[in-house]
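Across the two complexes that follow, subunit A remains constant while its partner is subunit B and subsequently subunit C.
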Partner chain A sequence: MPTKSYNGGIVVPNLYRVESVGIITVSLPNKVVLPLNERVTDKAVPCVSVGERVLTGQVIATNKDYDSVPIHATISGQVTAIDDQLIAHKSGLKTRCITIQSDGKDEWIEQQDTIDNYLNLAPSVLINKIRQAGIVGMGGAGFPAHLKLGLLGLSNLCKTIIVNGTECEPGIMCDDALMQNYPEKIISGVEVMLHISGAERAIIAIENDKIDAHNALLQYISDERISTELIPTKYTSGSEKLLIKALLNKEIPSGGFAIDEGIVCQNVSTVSAIYDAVVDGKPLVSRIVTVTGSGVSSPDNYDVRLGSYFEHIVSLAKPSNEKHSIRMGGMMMGTDVATMSVPISKICNCIFVNNVAPKYDVKECIRCGSCNQVCPVDLLPQQLYWYSKSENTEKASDYNLLDCIECGCCSYVCPSHIPLVDYFSFAKALHRKNIEDKRRTDAARERFEYREFRLERNNKERTEMMEAKKKAIKEKMANEKGQKDKIAAAMDRVNKNKEDNAQ
Partner chain B sequence: MHSNTLDSSQIMRQVIYALIVGVSVSFYFFGWGILIQIVLAVIAAIVAESAFLKMRNYPIKSTISDGSAAVTGVLLAISIPSIAPWWVIVVGVFFAIIFGKQIYGGLGNNPFNPAMLGYAFLLISYPLHMTTWASEFVSIGSSLDSILNLSSVDTFTGATKLDEVRTQISLGTAIETLKPYSVSQAWINFGFLLGGLYLLMRKIIFWHIPVSFLSGIFLTSGVLFLMDDNAYFPPQLHLMLGATMLCAFFIATDPVSSSTTPNGRLIYGFLIGVLVVIIRVFGGYPDGVAFAVLLMNIAVPLIDSYTKPRVFGK
Partner chain C sequence: MALLLGLILGYAAIKFKVKGNPLIDQIDAILPQTQCGQCDYPGCRPYAEAIANGEAQINQCPPGGQDGVDALAELLNVETMTINDEHGETKPKRVAVVDESVCIGCTLCIQACPVDAFVGASKVMTTVIADECTGCDLCIPVCPVDCIDMVELKPTLRNFVPDIGELANAY
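Let's look at the complex of A and B:
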């Protein structure tokens, strides 16, 4: 058994594990809703109009910004609306989406040229293909895949590729299913990434309870640069920095990035999508989603078109008749959504359907320290809680509030049932707000001080000018006075002369 | 989503279960007094807590059910002489609950260990009652008589071993002739040690404080003993006498008032151990546990802020 790991973390009994991890391909949805800005910074511009017919895989919205990816139609049919719709986001706000009504034909755009040998193509060409295929990190963060690879293509920074085959949270099994069912795609995808990045090696990290997936992958590994590594099955192993720590015993500094150490991490789903994009020329139009939780009687993995509503696949997992709470992503870090009528996005790896459980009574913190035992980044949640609760963000950031990865291990073990992570994300937001406020007041104060300085300077300049002028006038007057005196003196002389002459 | 491990009130209940062994041994040697004291203490604790919660407009039932008041009561009842008059434990528990805990905002906000604050208060206020211990098994009738102040109890009382030994040493008696070992004390300590190991096993307390506390006691008394084995008693005696094991596993480990960082717990426990020996050897009180714990409670914020663990990637 491997011993490599990091501090903390928790082992969660997987309550809803299924016997065989398969993938069910879901029938086409009647309509799909595709948000234009999945990441906050994205602002894609539609390039189709309402009423237009689109084909599967057609680009329906583009983005000039290199950091963002285009959006594709995931079914063929008619664009029926471009308006604001509810999406699975914790804000509960609506965002601009394109709605496509299916014509049931699933007619694809003309396939882009498939590539027989991508080795002949320059990395930059392949990276562009990946961007055009709309691939983002499918483990949950949604970071555009071409950016991670794009940086490398230019400057051979990447020495090691880590392929993340750990499920990011207990209960999720879509990556396990993918590895078991499409191992060859993943291995080929890794080879593509090795070609693009010029990395020396690629490590596929798999949790040690996924032996079947591990064996499946091993069968297809022929490239000696690719290896696999089993790591202990515990929660937060899927977190990039902790995975790197577990595999390579390297700590990425706080605020630093994996690439600083020559490492690039990609999720197995992303790798598989990269394969589809590069070798088959197919854009990302579907993904595998786990539906699980206490509220469904047959949890499973579903291969579903992006933009389908949650209910489209949840109904297949035989939900109970009770009242449900719906969570996108894992049970630890997922996002609660109010309704099942929200679209499945590229980052939606799991839908948790739980029977609504009675809420725990929150009691006082007794500083037992269970939380700091499980914190994978070695924080002191019991102290952070104290300062977050009293909104003392300065002290909280002293205790490294900003390093909290919000994994939820502390909330999970807290014997007083305190929702610690909620306090921390609130405190983080407050901290950011305070910093912004401080920046603004500082700017305002500087502005004010400069204004004061300017007024004073102007005043001074004016007074100086006035004084100079006065002086000049005085001098002039004095001169004039001198003239007058001279004239008077001259007159006196003249008069005197006249008098003299007269005498 | 939440783990299936114990919640706060279950933790408190486990602490009480873990005390059973030590209390039974104490019962075996000194009789019914300890049980009567525990009953009195728990009732007083619940009454005091309820009254104060009512004044603060806090929910009474859900707070009482966390069990922390009962634990404070039981710990204080175990610490005082089993034949002390009833009002001693009642006053002590009221002081512990109200001035040790509620006045700071209730469970989780108290800087001091409430039971030890109550103990220190009693020791200073009623030194005679607090130092008169049963010297043999006392029947239920005699225990009640004594606790309810019905009759004189001189027949079965005495000072603690620690007190007795210190008095003898100060009178110039050599250690060897003293036979300072007390069978009953050693067994009671052993009982609390077993209970403590149970708590460790259930992961209700962490190992840091018991281990560092006991090493603090052992090393400090060991150094003194090496310096002069005629004037100071041997380290193993310190481990087996007084409230050593009770403190190691049940009192110093009170999570609320102890240090909360892993390294901080080591320092905190060790220094309590050092202070206990210093107070026992050089001080004027029968045992040093209460004052050592309270003194270190004061130092907790300082210890915590200097022992923050290194955060990942920093």
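Let's look at the complex of A and C:
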């Protein structure tokens, strides 16, 4: 079998292997904190108020926008606050959240009927169910699942579904655990997606170090449209465009989307959530999270309610007594967070707890070119570094900065320990800000010029109007004079007649 | 209808007018478009014209800050100068917010705003379109009941830019 792959990427040893991959269902948290914006662009509006009792699965905030999903209570209890709270974001900024204090009962909303045969339902109905269940891409991107499917429902664009079970970041094992423990859910979820999209086939991609997961899935595949593909264990295989390149040898161009090529990618966790929503009528209220790293002695996977604080599950993985650094997501692509008192979100697949280690000294770039070789999207990190550091975002964009998937391979191999990827995420943010600033200044310039034009026009109109009025009055006066003359003439005639008659 | 057409045509005329002087355009592109008049000209473009004609110095724009002065110097290929603080101090980006409970609907601010960022009408409460406010301060002095406040724009999750100051040392 030819190995399917792409250029670049790196092999990172997994330091945190476990004997067998299981899932521990965690006790209910005392409280949950649920942000109103799952993605930075969202703005959900609460539909409950402080003091109100809510049930598990109840919608507590809605989004008018079709692009976003509603937010559900993940435990039953009382809404105790709707205010700004810290979330797991590198900015350390707060955002509006709904806090629910648990009543310990986990009382659910009346469950929607389970559907025995979804094949009888129209794709649009199912897509709406998926949206109402609050499902977003759970692999890290958080892109609403119904949007990817919604497109298809309309126009049958999708030919191939790719189910991403690669889980390429070393240390993370929540998807592996899901595949091993709930393979039937994933396969049924894929069948649902095939029905909705009308796609011809679905390929489940798994890295070749997860043989158990692969075998588990194989047992349940009966639909001949579904196949699996083992790909080499290499970091960044999980990135959507690279996976497409590896599996189908198709390039998605810069700025393009997978759907342009008739492809839809979905992570295995998302597929399993789609199954829950469509077949069991259950909204997304929990997820599986890996806790691992040098700071815990028993790395494991936890099935936990969304909105629970990090510490709720980290404490279960036997953390060491040392000082820790916390990272949400993988060791490569994750985000550092300052505290464990932040809520677990739908995209939080892993919490890395590391003992704080001495940092490397950053040295000058020695132009070794190692970074250029490992970049999986064929960029030139060495060049990008200079432009990003000097804030020359225009030049950096010329070198395709925006195509950088922030995988961190370049930083990983750099012998000078330059945190290249951090420079790139900085430069990307700066680039976005510059564009936004320019949009604002251009708008201000235009509005200023329009105002000048408007004032000038108003002036002109006013002068014209005044002149027209003056003219009208003059005419009227002239008219009036004519009338007077006529009357006088008539009077003269009358008087003259009188005189004539008298004679 | 005719009025509307006239409006569109008239506006198109300014929008697409061939701006006579590309140098003025280039200078104007650097200026922040706050339209505050602190440079002693009635707006950014008039100031750009004055610079191009050699009537004004390049360091008269407080919102543009020292970075703006440097950029102008580079464009014009002249020695840069320090910003002239007689024209005002450089402040962080702000927007006007109307205290709607106090506003009497006098519309003076609407007339003062150089970018038409206020919406309102005579005797009804006025409000500001935050996205269009340039933070020029021109509405502050005209308000008879002092109900306009300038509020600093806070960074959001959306426009957050990380700091790279720390990166160069240890990783």
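Rule of thumb we're sticking to: the second predicted complex is superposed on the first by the 428 of 503 C-alpha atoms of A that agree within 3 Å, B and C clash if a C-alpha of one lies under 4 Å from a C-alpha of the other, contacts with A are read in each partner's own complex, and residues count from 1 in each chain.
In this section, a residue touches a chain if its C-beta (ideal position, glycine included) is under 8 Å from a C-beta of that chain, and two chains touch if they have at least 3 such contacts.
The model shown is predicted, which means the values in this text are computed figures rather than measured ones.
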| item | value |
| --- | --- |
| Subunit B versus subunit C as contact partner of A:Phe448, first or second or both or neither | second |
| First, second, both or neither for A:Ile226, with subunit B first and subunit C second | neither |
| Partner chain(s) touched by A:Leu36 [first = subunit B, second = subunit C, both, neither] | neither |
| Subunit B versus subunit C as contact partner of A:Tyr412, first or second or both or neither | first |
| Which superposed partner A:Val48 touches (first subunit B, second subunit C, both, neither) | neither |
| Which superposed partner A:Asp361 touches (first subunit B, second subunit C, both, neither) | both |
| Subunit B versus subunit C as contact partner of A:Leu149, first or second or both or neither | neither |
| Subunit B and subunit C contact sites that coincide on subunit A, given as residue numbers | 360-361, 411, 417 |
| Subunit B-facing residues of subunit A, complex | 6-7, 10, 12, 241-242, 245, 251-256, 331-332, 360-361, 363-370, 372-373, 376-380, 382-383, 399-400, 403, 408, 411-417 |
| Subunit C residues within the subunit A interface of the complex | 7, 10-11, 14-15, 28, 32-35, 43-45, 114-117, 131-132, 134, 155-164, 167-171 |
| For the subunit A and subunit C complex, residues of the former touching the latter | 37, 40-41, 89-91, 93, 95, 359-362, 389, 411, 417-419, 422-423, 425-426, 429-430, 432-433, 436, 440-454, 457 |
| Contact set on subunit B toward subunit A in their complex | 1-3, 5-11, 62, 66, 68, 106-109, 206, 255-256, 258, 260-262, 265, 304, 308-314 |
